[in-house]
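The next block holds one structure in the form of structure tokens; read it before the comments.
Note that the chains are named A, B, C, D, E and F in the order they appear, and that numbering of residues resets to 1 at the start of each chain.
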Amino acid sequence: MPETGMNEAIRAKLLSVSTATLTTIMFKRGFRNCFIGGIFPLNAEHARMAGPAYTLRYIPSREDIDQIKVFEDRSHPQRRAIEECPPGHVMVIDSRKDRGAASAGDILIARLWKRGAAGIVTDGGFRDSADIAKLPFPAFHAGPSAPTNLVRHHAIDLNVPIGCGDVAVYPGDIVVSDMDGVVVIPRAIADQVAEEAVQQTLFETFVQERVMEGESIFGLYPPSPEAREKFEAWRQQRRASEGEK
Amino acid sequence: MPETGMNEAIRAKLLSVSTATLTTIMFKRGFRNCFIGGIFPLNAEHARMAGPAYTLRYIPSREDIDQIKVFEDRSHPQRRAIEECPPGHVMVIDSRKDRGAASAGDILIARLWKRGAAGIVTDGGFRDSADIAKLPFPAFHAGPSAPTNLVRHHAIDLNVPIGCGDVAVYPGDIVVSDMDGVVVIPRAIADQVAEEAVQQTLFETFVQERVMEGESIFGLYPPSPEAREKFEAWRQQRRASEGEK
Amino acid sequence: MPETGMNEAIRAKLLSVSTATLTTIMFKRGFRNCFIGGIFPLNAEHARMAGPAYTLRYIPSREDIDQIKVFEDRSHPQRRAIEECPPGHVMVIDSRKDRGAASAGDILIARLWKRGAAGIVTDGGFRDSADIAKLPFPAFHAGPSAPTNLVRHHAIDLNVPIGCGDVAVYPGDIVVSDMDGVVVIPRAIADQVAEEAVQQTLFETFVQERVMEGESIFGLYPPSPEAREKFEAWRQQRRASEGEK
Amino acid sequence: MPETGMNEAIRAKLLSVSTATLTTIMFKRGFRNCFIGGIFPLNAEHARMAGPAYTLRYIPSREDIDQIKVFEDRSHPQRRAIEECPPGHVMVIDSRKDRGAASAGDILIARLWKRGAAGIVTDGGFRDSADIAKLPFPAFHAGPSAPTNLVRHHAIDLNVPIGCGDVAVYPGDIVVSDMDGVVVIPRAIADQVAEEAVQQTLFETFVQERVMEGESIFGLYPPSPEAREKFEAWRQQRRASEGEK
Amino acid sequence: MPETGMNEAIRAKLLSVSTATLTTIMFKRGFRNCFIGGIFPLNAEHARMAGPAYTLRYIPSREDIDQIKVFEDRSHPQRRAIEECPPGHVMVIDSRKDRGAASAGDILIARLWKRGAAGIVTDGGFRDSADIAKLPFPAFHAGPSAPTNLVRHHAIDLNVPIGCGDVAVYPGDIVVSDMDGVVVIPRAIADQVAEEAVQQTLFETFVQERVMEGESIFGLYPPSPEAREKFEAWRQQRRASEGEK
Amino acid sequence: MPETGMNEAIRAKLLSVSTATLTTIMFKRGFRNCFIGGIFPLNAEHARMAGPAYTLRYIPSREDIDQIKVFEDRSHPQRRAIEECPPGHVMVIDSRKDRGAASAGDILIARLWKRGAAGIVTDGGFRDSADIAKLPFPAFHAGPSAPTNLVRHHAIDLNVPIGCGDVAVYPGDIVVSDMDGVVVIPRAIADQVAEEAVQQTLFETFVQERVMEGESIFGLYPPSPEAREKFEAWRQQRRASEGEK
């Protein structure tokens, strides 16, 4: 396993398919609850990421403990998370869907990007959202939140199983995003899901071309035997033309 | 009645006025609940539409019924809706304000656009939102939702009265949108509402010009007798200058 | 005190710092609830404002009282608010977080801008949102709402203490915004908060530069004694180079 | 006008009819939004009250102002409200539907009861709910809330128009309750509404008797001409038998 | 099939088991979403019912259509529903989880009870709740709501598939309740589910007895082979003693 | 420290005061967020408990992992929690405020009671609520929920810091309840808080007596110097009379 925690060929495949397609593949395998909705990327130009989950758990803050000086402690989990999240990983924060205070801000997220992380996800909100939006880095949240983290959150655990947006996230799960949101795939099946999604995407590309040419979806989506044949022909032609290049 | 289900002159009038103005006209007639809020167009360049409602009703899905194979059935209401919605009509989906799974995706919406529909509205969410946003087609939702339709929805009825975003929608009602959202007008009064809205819009254009020149809203909005006279003069001058062109 | 209700040097300082930094300074002074979240600027190019609060209080409308003709009365508080809000002030509306009808529309907001107000904030929604978005004027709301004001709101009071988005707003409080949202600072401490925020911003600029060069946040944010020294050197160099200009 | 602020015969009538009947009468007059729902009486044995509204307005608390010592000030509006609410009146509190801290507790409510108030209503919560439930006094809230008032609320105004549970309440409006919740009737029409409600209640008593004897609601509710005749006969017999007593 | 729409022996079995046990049996068969939560019985002494669903669908009301006189029409679906729901059936109303107006009131519910229905369920609220609570009749709602039905609802359909509390309800589905809420079982599997639930309940009765005698749940719940043997012995003894009676 | 985890004299004091009084004492020490609201006791006769927190953390369930057979594993955290929670402790469950499936049922709660626990709290719901309500055991939830735990929850951790109802709960924190809800007190200050609450309660008993005799709250609550004197006299008389017994 590379330091980045996943096979780069699989990562590339996952980056070439949509979360919509991935949730369909997951649904066929019995997974109905693997999509973190209600969050969006701060930088729409950088909405795509794929990588293993590295988690950070927050609990509600307490007035006597969560004073501004706590960040002076190097072992504070929020700061450790930023410096310890391995390259190629996606940091996923359980903020209990509470956007009342920031899950993180621009300095920490810039550092995370610099360290080579694949992206960051919270079911709460980030502060300094305009500055984060300028980074070429996938960052997903439920909306901006200026108040300092300690107003609502206390970082308590690194890399334990968490909930994020009502979805279970285990460390190492493969996290994939696009403009729709974020899908979480159990590590053990990520390769097969990626492969199946690539195939499904190829088919949907074919379908979309037909639809754009004015064809009905009846007999096309899902395909009749005849449409399957046409798809096969289209696929071979495509491969051939790609081979020519 | 044309195939598109409405008089094109009325459609043009409705496309020239705002939903804000339309809800004011509706309020004067006793309608307080005709605006579907909390939804927005995926493509801000294509936020305007006007057309008769063609409805699709969803109920919650059930695990034994709503398996992926259901879409192989040509009579499945979601697929029929896409192929049967008449040109010029707006498909309105009752998704019970549940954004937990997609109301539709890019292939179906592209097909609906190709078939000449005027637009599509759900009080849930669409998947493949980035691709839908590229279509020159008015599509309104409450936010993206990647999971496949069957995770939460079961298409059950075509073209029956529904609720969408807490508003009653009867087949044939005239549906109009802009960046604010979507207004639903009973068919029987749509012509009069359109006409009154055009008049009101003309007046508000006059007012906005005055305001931009630094005039107070007192005596202007609503107008004093004197302001009414000025408006009349402005209107005639405008007509005259339009006549010249 | 100038007509604009605040010292312009303080306003300039507040416009140079983020709401994130301001909420941190406020937190250090014991203020945990001074940020109005869940609202955003209609025109992202004009998200920054700072000025004293001028308030407008709405209560729920009542069918017999809130008929369209009420606006003919010059003493109607909504219309008076628009014409009486002093230059340089921020109009803050208590809409009870109810986005079911418009807090205001494009004509009133254009007039307010023309009159020199610094901005407008509601915890409800504005109508004609596309037109408001074209004004070079900071306007914050929770999302668009076409229905006419009277469907849900009745303007009752001018310039009394209100709640807006669960935050207390007293007339004269200093209101500051950016893309994250809106922070409310008690007038009596606004100068000190502004000064401290400027200092903190300078330090964070230094930190961000270090982070962009690849430095760890450990020992930097918050700073070790050594990092403090480096910051001092950086600050003096910066001053020197600014002096050169 | 008596000190209790209303005609006692009207009060008696209102106490003899249900809030359901009252909202129907109000609906016939065009009032759709006069019922405060989602609140309930702490003491189910004392769910009925009727009286003029005396209002108290809360805004969100602010950490520097709302310290425990504020209650030492006799002019603090919460304490004044308790001592100044006239006998026979219903205190209605605008708590912004925030149940995060108590609107009041058992001592203040006991004092209010002792002073002869007709009841108390909040769209937030009361503390010491078990003790309040033992008082023979109508008190309505959305659910218990132990935290001291100042955690969320700041009492700011006495006897101004407010919103309570999304309903407008003007001082002097007639407030009536039962187990369903609380209805607010504009003072000017309260007498007529009461009278009409008494008549409607008499009819519904007749209907309920018929239904209990097994009669169909068709032709009964609403009544056919024949059913109206039967009702008239029933009413006269009832009057006669009451006359005999 | 009897007029009551179900086998009375099955009904008796379902009335002898809990909704908790039924949802477990359903979960084993792949049903995760068959429980209508957030609703409760008005009369806690009459929380148990079992019977086939007879459905009523509401959409949002519209001001011009939904005037008080509509109830004079015998074919109004709400009134027809009350007179046509077959004996032994449970009326289930899709109120779109909107408690802003009454789904029904005491007169209609009394009539439904008189006609022999098994119960009534809404995901909205009933009015005259105190009077309904006195009927020996299972009626479930989300909380009381005094406003007349037409303020929010328009009855549109009888006995079509609906959603109630986010759960799919098809006419004829078997509906079972207790103090926890309401479970919906597809008709085709109701007999088997009932049988399996009776067996599971017997086992849980045995477990609860052991627990009350101080036994650990380890090895008991779920049972070890040894515990299974003990249960078998207990069951036979129970049968024997029942046989003696 | 006794096996029950706390000094029994402190427990007795805490059981003699209300959560309302405790939150006031906490507020004076700077704690604004220590009350778990929106939950209530299933058995109103057993609403009082006090004891150290023993925590159980749930994350969202995942379809492949959370199958019914998982409970056969003795090390399953939910089952271990029930058998390992020390006597005198309060089990507090982080259910992420999700009432969509049961946090626990009657068998587990009966076992917990038998083992001598002081009570159980969830911010979700319990199943078999009618049976739990018959146990002489404090159990707090947000409302009943029949679906089996695995539909929404996966037990992951024992006795780690958690959030429950937006409040931080650290193992060993002292948890106290009454009909209003549940307050969480940091262990280190529990003794002082208890003592101060007992004093405050004594004073409020005196105040309530005065109020019941018709006295004004002005000068009494909070007390004037004169009222303090009267209270002192009352306290000494009370002690004396208690001494006589």
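Going forward, a residue touches a chain if its C-beta (ideal position, glycine included) is under 8 Å from a C-beta of that chain, and two chains touch if they have at least 3 such contacts.
On a predicted model such as this, the values are computed, not experimentally measured, just so you know.
Contact with chain B and chain C alike is made by A. Common neighbours of chain A and chain D under the contact definition above: C, F.
Copies chain E and chain F of the same sequence differ by a rotation of 120 degrees once their CA atoms are superposed, given in steps of 5. Two copies of one chain, chain A and chain B, touch each other, and the residues they use overlap weakly: the shared fraction of interface numbers falls below half. Of all the chains, the one whose CA centre sits at the greatest distance from that of chain C is E. Between the Cα centres of chain B and chain D there is a gap of 40 Å.
Centre-to-centre separation of chain B and chain F, using mean CA positions: 51 Å.
Of all residues in chain B, those touching 2 or more other chains are 32, listed in ascending order. Because contacts link the chains in a way that matches no line, ring, star or complete pattern, their graph is best described as other.
Of all possible chain pairings, those that touch are A-B, A-C, A-F, B-C, B-E, C-D, D-E, D-F, E-F.
Put simply, chain C touches chain A in their complex at residues 18-20, 22-24, 27-28, 32, 35, 37-38, 40, 47, 178-181, 183, 204, 207-208, 211-212, 214, 216-219, 221-222.
Taken together, the chain A residues at the contact with chain F in this complex read 30-33, 59-64, 96, 98, 154, 156-157, 160-163, 166-168, 186. Residues of chain B that touch chain A in their complex: 68, 71-72, 74, 79, 82-83, 99-100, 102, 105-108, 110-111, 114, 125, 127-130, 133, 143-148, 150-151.
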